[in-house]
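Each in structure tokens, the structures are laid out below.
Common to both upcoming complexes is subunit A, partnered first by subunit B, then by subunit C.
The block that comes next holds the complex of A and B.
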């Protein structure tokens, strides 16, 4: 059992060291949501009034509304970036080092997912700290209550990223997938607008948003930040995390890439 | 005892056969050289030996442990240096080695002791805190050998490990691995397409067009190994 622990520790430590080495990655992960919060939300504040909706007890500013969505946006980008690093590792051969470990491949992949998720959480909390200073202040205990929700969402999106990377032949193809995955997931969700607003605009857009697992991820985090549990969002997130992780492990096979290249 | 036993090994990339009915054994403590032109199937064999690819047909045993039935025990016996460098350039030598030790389930204390020992053996102790990016090609290869030996494997696989090195680094690396084989009793499988890396006492395997076309001691191939190799790997051979 100790061998598993040492291995997990080693994989998380490596992700941490790579993260520390790549400070620009940390900054860009923060700049993106901060632009949305400080520029986009400020501009939209006057145009977009938010009625009292759960889990909020009162009227809120637009900035307050979009902070959970932006926290999830960090996790979304990091999940996809994590899978980009899997494609990179596969191309550069460092994935080979991971796979020559005598420990089971499923464990190695799960450890890699967890390591990516933990690093993402650091960035989310850095963002929440800046948002706090800016004036978006959920209950202090909410920041703690949101931790398991954020971890689950990070795992969900990392598993999705890994699943996508399994289908990608080489690094260049990944950019296209990013555009076809990140943007639809983010914009067709409750991250930027409440779903009732979407319903006013279009019934089918509303249903697309309501069926999007990322909407449930955002709502899970939003409720947790305000010390409430959203059971349906929790179930959807748990279900999709298990589904994506299972599919990712089942479809993970480095020789598939070689076979596709040969074919 | 056999360090490595390959039986009826075949592998295909879709319609293209990469290995066809390979069978050979490498005696424990010997230096085995796997020779073959580019595209002969050497890298595919290494990918199968290291479980990167799943076996399609046949079996591989490492010190009696079947890669198909006991992959964990087999992989524990195996150290690998891949053709392409797999070191993380932004991490230090020590950090790279510690990562590998963790992947093999070594505790931090054991890992530190093994890293000290291997770096000393490779004469790299003073470079332990240097980023890999700052090392030259020869030193990077030595770090990879140190890394491959951290978990004390009994069989070391080197897939064209000398590729990309200048002639003197290439010779130094070859000499170094031979020392490890002679002094530590390590079994070695060294794949290459360069004939000057072979010595008369080596167990030689020649691979061509996905088949093993010859095997035996290198001295058995006569004084002119180059001519024998050319004959065995000629397009119509």
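The block that comes next holds the complex of A and C.
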């Protein structure tokens, strides 16, 4: 048991040190959602506030609407960045050092997922604190209630990142992840616009958004922030986390890079 | 024995529940009805049918009677709140919109929008005591706490008309900004707050001199200035805040009632008309005409806590303890 704890501690510490060392990474993780909140949302301030949607009890400004989506955006980018660092680790050989550990590979990968998720949560709460000062103030208990929701979403997106990293052969291919994973996941979701608004625009766009697991992740966090549970979103998030994690473990092959180099 | 104890406890519990819960009455202009909201649960518990196009609402000083301006019925209706039945209809003159009750609990000052008149009705004898000529399209109506002044606003003449209640004569006018909709005296009756819908301002008038002391303007981030159309005004009894409903700007302005500084703008439903405090003044209710709901403002936190769906085009609101 001690060995497991020692290993988890080591992996989390490594992610933490990497996070502390790369201040610019922390800043960029914060600047991205803040730009959306302070610039983009300010421009669209009056665009919403025309209907009351669950879990809100009254009319809200657009800033209030997009905060849960932006919190998930941090998790999305970090999950994908996690996949980038996996590819990097593989290419640099540090992955092989990790795999010399006698512990099961599944545990190592789970620890890696958890470490990425925990670091992401720090960034999310830093963002929520700034949003609070800016005037987006969900109930104080909601910030606590959102913690398990955010953790689950962080794990979901890290698992997706891990799965993707198994499919990426080279670091340079990461741009493809941006174009074909991050952007569609984010823009085809309820992060920036409520789904009924999407339905007004087009029915098939609405269905794409409704089927996007990221929409469910955003709604799970949104409901939790306002002290409500969204059971369907919870089930979808749990289901996809397990699916992605399982596929990631099954397709994990640390020899990829090494073999390619050798060949 | 135990059962009877339990029954007693339940009965007491119910009694204390009804005693604690304040009730709001909201007039739905397009539904010809009044929505009743339980302020404990913040839910509509009943919808009462009344005369056509109900707008202004008032309570008698003992909170037992509800007066309703049924504009298109050309009547002021009197509802007994214990039975929730209309017990009397008063001759109000044509198209009554807003009204005010004199502190003597008898004289009702009613503005007749189409006839450029203020009608004074004795609510006990049902007699019309006076009809006073005022400006075109009279609307807002208030009686000073000492009962000396009745003030009417005329939307087209852009004036406040000062009526001496001892003689029921118009004695003075104060010119304000375009389309004055509503007037409200402060608790000690020294100042009068008057909103101007098209002017986009609220004038604060010194009652002794009947001169404008200060004109407030409003600017909301992201809302076009043309949409800032002040209508309802409510002042908290502790003298801290004035709340101004800004119509199609969908916001309520919070004003420091001492420094006249605008402190905040609170987002409510669409086209906010009028407001009413709960008896403890911890909550303020707003009627949002176009969105058909009532928003509840937490006065201590200055936050909107909930919006409650009512009938179509809610207009007036009053709260009983």
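Following the convention adopted for this analysis, the second predicted complex is superposed on the first by the 252 of 263 C-alpha atoms of A that agree within 3 Å, B and C clash if a C-alpha of one lies under 4 Å from a C-alpha of the other, contacts with A are read in each partner's own complex, and residues count from 1 in each chain.
Quick note on the criterion: contacts are C-beta pairs under 8 Å (C-beta built on N, C-alpha and C of every residue); 3 or more make two chains touch, one makes a residue touch a chain.
These numbers come from a predicted model, not from an experiment.
By the document's definition of touching, neither partner reaches A:151: not subunit B, not subunit C.
By the document's definition of touching, neither partner reaches A:126: not subunit B, not subunit C.
When the shared chain is aligned, no partner comes close enough to touch A:208: not subunit B, not subunit C. With both structures placed on the common chain, the touch criterion links A:118 to neither subunit B nor subunit C. In the overlay built on the shared chain, the residue A:61 is in contact with subunit C alone; subunit B does not reach it. Set side by side, subunit B and subunit C differ in how many residues of subunit A they touch, and the one touching more is B. Of the two partner chains placed around the shared chain by superposition, subunit B is the only one that A:21 touches, whereas subunit C remains out of contact.
Of the two partner chains placed around the shared chain by superposition, neither subunit B nor subunit C is touched by A:227. By the touch criterion stated above, A:96 is placed in contact with subunit B alone, subunit C being left untouched.
Taken in their complex, subunit B has these residues touching subunit A: 13-16, 47, 50-54, 71-73, 75-76, 78, 80, 82, 84-88, 90-91, 95, 98-108. For subunit C in complex with subunit A, the residues that touch the partner chain are 221-223, 250, 267-270, 291, 293, 295-296, 303-307.
Residues 2-4, 6-7, 9-11, 13-14, 17-18, 21-22, 92-94, 96-104, 108, 253-255, 258-259, 261-263 of subunit A touch subunit B in their complex. Looking at the complex, you find that subunit A touches subunit C at residues 42, 45-46, 49-50, 52, 57-61, 137.
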